[in-house]
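Below is one structure, written out as C-alpha cells; the observations come after it.
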Amino acid sequence: MQVKEYKPLIVAFCCNWCSYAGADLAGNNRLNYPAEVKIIRVPCSCRVNPMFILRAFQRGADGVILCGCHPGDCHYTSGNYFTRRRMAMLFSMLDFLGIERERTRVEWVSAAEGAKFAATMTEFAEQVAALGENKRLEDLRCKK
Amino acid sequence: MQKITKEQLTEKAVSLLRDGTVTHVLGWSAGEFDYDITPAVFSDEASLRKSFVWNDFCGANFSKYLVSKTRGIEGKLLVFLKPCDTYSFNQLLTEHRFDREKVYAIGIPCEGMADIDKVKAICGDGISSVNCDGEKLLVQSIYEDAPISVSPSDVLAERCVNCKSKKHVAYDELMGEDGDVLDSARFDEVSRIEAMSPDERFLFWQNELSRCIRCNACRDACPACTCEVCVFNNPRSGVENKSPANNFEEQMFHIIRAFHVAGRCTDCGECSRVCPQNIPLHLLNRKFIKEMNECYGEYQAGETVGSKSPLTDYTLEDLEPGEVFDRGDINA
Amino acid sequence: MRKCSLNSLQSVFGKIASSALLYLPVDSADGRAVFSKWDDGTPLSNALNTVRSPKDFFFPQTEDLMRFKTEGKSIEVIDVREETEDFVVFGVRACDVKSFDILDRVFLAEPRDSYYASRRDHGVIVSLACTRPSETCFCSTFGIDAASPAGDVSCWKTESEMFWQANTEKGEALIKKIEELTEECSDEAVKEQQEKTARIMKKLPLAGLNTDAFGGGKTEELFDRPEWTELSEACLGCGTCTFVCPTCQCYDIKDFNTGNGVIRYRCWDSCMYSEFTKMAHGNNRLSQKERFRQRFMHKLVYYPENNDGLFSCVGCGRCLSKCPISMNIAKVMKKLGGE
Amino acid sequence: MQRIGVFVCWCGSNIAGTVDVAAVADALKNEPGVVFSTDYQYMCSQAGQDLIVSSVKEYSLTGLVICSCSPRMHEVTFRKTAAAAGLNPYMVEIANIREQCSWVHKEMPIGTEKAIILGKAAVAKVNLNAPLTPGESPVTKRALVIGGGIAGIQTALDIADAGFPVDIVEKKPTIGGKMAQLDKTFPTLDCAACILTPKMVDVAQHENVRIFSYSEVTDVKGFIGNFDVTIKKNARYVNEDICTGCGDCVTKCPQKKVPNEFNLGMDNRSAIYIPFAQAVPKVATIDPAHCTMLKTGKCGVCSKVCKAKAIDYTQKDEYITEKYGAIVVATGFDPISMDKFDEFAYSQSPDVITSLEFERLTNAAGPTAGKLLRPSDGEHPQKIVFVQCVGSRCDSCSEKGKEYCSKICCMYTAKHAMLTRDKYPDTEVYVFYIDVRTPGKNFDEFYRRAVEEYGVHYIKGMVGKVTPEGKKLMVRASDLLDGKQLNIDADLVVLAAAIEPDKSARSLATMLTASMDTNDFFTEAHPKLRPVESPTAGVFLSGTCQGPKDIPETVSQAGAAAAKVIGLLAKDKLKGNPCVASSDELMCNGCSSCEKVCPYGAITYEDKEFRMPDRTTRIRRVASVNPAVCQGCGCCTVACPSGAMDLRGFMNEQIMAEVDAICK
C-alpha cells in the first residue's frame, strides 16, 4: 500500500499592503512554494486576532504564519508593532501550554520581498511537515 | 489573625451610614460555619450588626461588585478593600467600569486569608466553627470534643502565600496601617513549569485543564471580566459554548480568557480561589504578567488609574515574536 | 448480606471489572476524589464524596446526538450512538443514589430519553454507606439515610471488611458474580455502624434544616418573597452549583459546524446563566435574581409539585462547599423557612 | 441567504495553464449560497464584465466571487462591474488564483485543488458580506503649510495659484529657510537669493496666502478635510502691521553683541533685528533673551527711534485656531552638530568650518561681504581641505552620525571647490571623499569640470585627524587609491556635515499622528507610489522633511504636494473608505482599549442611554468611530475585549469563515 505523503495545512495571514503584495510578487516572478500554504488577506497584521489562529488550529491547520510589513513600514504606522507584542505573548502562552513553538511564526515581508515570501513559506512548510500533524491543539470534531 | 477587628469595621460602617456619607455598605455576611461567607450589601444598622462579619475567610474581591452595585443607588456605596482588591479597583476605574463618585472606599489591612481546604486537610471534614484567638485558628469539628489549634500560616490561601502587595493603591480612607509592595515569589511556579520540557508542560496542562467543567466561576469572579457581553456567551464570536465539548475547547477557553485579561489582570487570584476543580488558573495569567514584565518592562495593572497596558503600547525596539522563546537561553 | 475482607477488595473489583467497566472514587493528585476507571490495584478513595457527582455517567456534560452531512445540496442524517457497554459505578453515596430517582423521573418519563435510558440499562449502581459525614451534609432533610444507601447493591465499609447487599435484580447478578470472593454474613456489624452514623447525623450543623416551608403548591407563597433580592445579591451567575449538582438536569442542544458536516450535541446548561433558555425574543428571566429564584423554586417547589412531593435536592452539600460566594440551598431554605 | 455567482477567469493561459478552471467552477457550484458558476477567458475584459452583469440579472445574484488575478490588480475593476450590475460594489470577493496559485504551482492537480479551496474561502466570505456605503465628510477649503523654506513657499504658491487660501507657519522671523543662506546653487551656479527672493515676495503678496512668521503649530485635531490647528504666534514685541522695516531700531540698538544665527554666529547682530535685507515679512523682531529693556526694564532706545511706533514691549504670545482641509509638512533640515566629531578639531579652531558656514563666508551678504577670509585672522587661505561625508554614511553602530547619505554634499562641495578655484586660482583645494555621487542632470559634468578645468584635488580617502598647529591645520588623511598617508598643512578645513530633519519635526509628527522613520524623516504613504503623502490622510510632505533632497527635487516635490492638496480641496465632500471599524454599542464596555491603540485618534466615547435586557435604563460609556478618520487597519478589533469592535469588510465572522473554508 502506498502511504500518501503527509502534507501539512498552513494558513498564512498576510497584510494587504506589504506581505500580500509580496506574495503577489512571488507569483509575478513565478517563485514556487508549497501549495499547502493558503493565504488570507487582512488589511494589517494587527487585524489578526489570536482567536483566528486558534480557530485555524481547531479546524485542522498544522501551522499558522502571520506576515506583515516590516516594523516601521506599517501602512497604518503602528499596526505591526501591536502585532509584534500580541503575537509574542500568544506564542509564549502556547509554548507554556506545551504546544510546539514551531507551528506558529511571524515574518515581516515587504511588497518587494517576493523571494523572501516564497523562501519563508517553503521553509515554514518544511518545518511544520517535520513536526507532523497538529495533535495538541486540534479539535477532533473537525477531523474528516 | 486579622489586625483589624469586625467590631472596628462595623462601627465605621455604622457611623458612615449614620452621618450620611454612604447609603449602602458592601461587606461580608456571616454564613453557617464561619468560613462560608457571602458578600452582601447592607443598608441599615440593624442588619450590619446582625450579619456583618470580618474574619480570615473574607477572600472575595469586592471590586467587581462595584460595577453592578453602584448602579441605580442614590447615595454612595461604602466598600472595604483589602490591598489586593485596590489594584482591581484601579484597573476597573481605568476601564471606566464604575463611577468613582459613587464609592467611598476604605482600605483595610489584610494578613492573608485562610483556605478552608487547607484547614480540612489538617482537621478533617465536619467543621462546625472556626475562631481566632488572636494567634491561632481554633477549629471545632463535630468529630472532636476540643477545638484543634491551627497556625494561620499553615492554612494560608495559595494566593496569600505569594502576596504581591500589602500596599493600598486606592482609597478614600485607610484603616490601620498601610503596608508595602512585597517581593513575592509568585512567579516561581511559572518558572518551574517553564523549565519543563514541552511534552511535560503539555501533560501538566492537559491534566489540569481536562478537569474544567466550564462552570465559568473563574470568569464570573474575575474583576477583569466585566464585559457587557462575554465572547463565550456571544454566538457570533465563534467560540461560544456552554460546556467544553473536548480538550480543544477546554484549552481554548482558558487561552482566550488569559489573553483577554492580559495586561489588565492584577493577579488577584480570584480565578483559582473559586475554581471548584482546583485548576491553578492564575498561573496562566501570571505567565502573561511575567512575560510582559520581562519583555516590556515591569508593569502592574491597577497600580495607577489610566495606565497603558503593555498590549496597548509598544516600542520600536520590542523583541520579535520568535525571540520570546530564546530569551531564557540568552539570559542564561 | 455478604462480606469480604478489605484485603481482598481488589480481587473483588477485578472480578467485577472482568465483565463490565468499573468506576470508583479515586484520590487524584491534588487530593480530591474523582470517579475513575478501575485498573488493577487502583485503590478506593477514603474521601466522603467526589467533587463531580456520578450523574455524569448517565447524563454526561456533553454528548453527540447525531451528525448531518451535506453532499452537494443534499443532506444526510447520521446516528452517532454507540452501543453502551455494561458498567458498574461503585461507591455512590446515599444522596447521589437518590439523585437517580430524580433524574429518572425527568429522562425516563415519556417521551423517554433513549440516550439516558440506554446508560441506565447498562449501568449498575453500587452504593456505599457514609460513616463520617461532613458539616455540609443535609441528606436527612430529604429523608435520605446516609447509613442505608439504596442502589442496585448497597455496601458498608468497616475497619477491615466490606459488606454487600443486593437490592435489585441487577444487584443480585453482580453479587452472584463475586460470590466466590465473598461470604454470607449477619448484618450485625452493619447495624452497629448504622446506629453510630445516625448519632453523628443528629450532631450535624444542618441537622435541623427542614422542608416544611416548601413543596408543591407553595409557588404563590414563595415567589414574591422579598428575601430573594438579598439572597441573590452576591450571585455571580456562574454555573458551579448546577454543574456539581447531582440532580440538575437542564441541557441545551446545539449544532457545531465542523466544516465537513454538522454535529448536533447536547451539553449541560445552567439556569444561572444569562443565556439560559434564550429565545428569539430574548431571555425570559432577565435578572440574576429571577434566575437564582428559578433554580431554588425548581428544586423546592416546582419539581415536587410535578413529582409527588419529591424534592429535587438530595442534600449532598456540593454546592455548599463549591459556590464561589458561599450562597446555597441551605441558606435559601433557612432564610425563606424562617430560620 | 445570498445568491452567489462564481466567475472563474482563465486569464488566457496564465491561470488555465495550471488550473483546471472548469473543474474549479464545477466544484464551487455546490458551495453554500452559490447559484451560478462559470468560467471565461478574460473576466476583466469587456465581454467578461458583460457576462458578469448579465448573470447578475439572470440569476438574481446578490454576491460575486471572482476567481482571478490578485485583488490588488482588479478588485476595483470588478467592484465597478458589480455596481454596473446594480449590486453594492462591496458584495464582491476575489479569490487570487493567479499570483498566489497558478503562477506558483506547476502541476495542474495541485493548482486546481488549491484554486478550489481559495474559491471556497471567497464564497464563505461573500456569504457574510454586507453592502457597504462610504461615509461623506465636508472639506474645509484652506491649506496649512508648516515651514516657510523653498519647499513651503513653492507648495503655498502652487496651492494659492489654484485659488485656495493657504497659511504658512514659519518658526523663524522670516521665511526663506536654508536656501536664503546659500550663495550659489549647483550645477548652474545661479545665485540663490536671486531666484529665491522673488518667490518670497510673490508668496508674501499673494492674495490667497497668509504668513505666520515667528510662529509654531501647537495642536492639531481633526482629520482629513477637517483639521483644527492651533498656531502660537510668538511675541516679537514689534507690531508687524505697523513696522515699515526701515531698520532705524536695528542701527540704534545698543545691544549689538548677539551672535547672528543667520550667519551661523560668524558675526553679531543687535537685540532687535531683521534677519537679512530681503527678509519676508520685513519687520523687526526683538530677541527677548538679549534685549536690555525686556530683561531689566531699562533702555527703550528702539521704541524712541521708531517713527512708526511699532515697538510694543508688552506684546504677548498669541494663539490662533484655524480650520484647514489639508496640511503640508515642510519643516526642512539642519546640518548635524559637529560636537561629536572632535577629530576634525571643529570646536578647537575657528578655521574648521561647516559647508553652510563656508556658504556664508562666500556670500556677498555674509559676514565677510563675500571675501573668502579665514575666520581666525581674516587672512586669505592658501590651502583648503574639504572633508566629505562628515556624519553621513556612518555604519549602523556608530553613535556619531547617520547611516544615510545626505545626498547634497558631493555637489555643493564640488561647487565650493570650483568657485574657490575660480575666484582665487592661487588657492590649493583638496576634497576627501568616500565616493563622489553625481546622479542628476548635469551633475557629473559639473563635478568633472571641478576636477578637470579647475584642478581641484579629489582624493579618495577619509581624513583621520585635523590638528591645529600655529596658524596651520595639520590634516592627516589617507589616499586610498595611492595607498599613501597624506599630511596637508591647510589654512581652512570645510566639513560637509550630514543633514538631519529639523528638531521640531518629531513633536509635530506626534500632533499630526504622521509616522517617522528612525532618523525622524517623515514616512511617505508609499515609498514609490505615494511619495508626497504621509500615511495620515490629509497630511502631505514637501521637501527635506521626508528625506535629503536638493533644490530642484524639493521644488518638484513641493509642486506635487500642492497638486495633491489642490485635488483634495477641489472636492466639496470626501468619500471615505467604507471598510472602517464600527462598534456594537450594546456590547461595548467603554473601556478605552480601542482608543489606546488607534493610530488615527478615530475613536471617541460618549455617554448614551440604553435600555438594558433587564428592563432597566442605564447611561453607558460607549465607543464611537469617526468613519472619516478611521483608515481600517483593524487594530482596535483585537484590542477590544468584548468583541464589540469589528471591521467592516473584514469582520471577525468573515475571516473565521475563510479560515474554516481553507481548513476543512
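A few points about this structure:
Order of writing sets the labels: A, B, C and D. Residues in every chain begin at 1.
The working rule: a contact is a pair of C-beta atoms (placed from the backbone, for glycine too) under 8 Å apart; a residue touches a chain by one contact, two chains touch by 3 or more.
What you see is a predicted model; the values in this text were computed from it and never measured.
Measuring from the average of all protein CA coordinates, the nearest chain centre is that of A.
Among the other chains, D has the CA centre that is most remote from the centre of chain C.
The greater number of contacting C-beta pairs, out of the two interfaces A-D and C-D, is seen for A-D. Separating the centre of chain B from that of chain C, both taken as means of CA atoms, is a distance of 30 Å.
Mean C-alpha position of chain C lies 71 Å from that of chain D. With centres taken as mean Cα positions, chain B sits 37 Å from chain A. Residue positions 518, 597, 639, 652, 656, 660, 663-664 of chain D are each in touch with at least two other chains. Multi-chain contact residues of chain C (touching two or more other chains) are listed as 256, 258-260, 274. For chain A, the set of residues that touch two or more other chains comprises 50-51, 55, 59-60, 72, 78, 82, 86, 141-142. Taken chain by chain, the contacts link every pair, so each chain touches all the others. The touching residues of chain B, counted against chain A in their complex, run 190, 193-194, 196, 198-206, 237-239, 245-246, 248-249, 251-252, 255-256, 258-259, 262, 284, 287-288, 291-292, 295-296, 310-316, 318-325. Within the complex, the chain A residues that touch chain D are 9, 11, 16, 20-21, 23-28, 30-33, 35, 38-44, 46-52, 55-56, 59-61, 72-79, 82, 86, 118, 142.
The touching residues of chain A, counted against chain C in their complex, run 59-60, 141-142, 144. Listed in rising order, the residues of chain D touching chain C in the complex are 30, 613-615, 660-661, 663-664.
In the complex of the two chains, the chain C residues touching chain A come out as 256, 258-260, 263.
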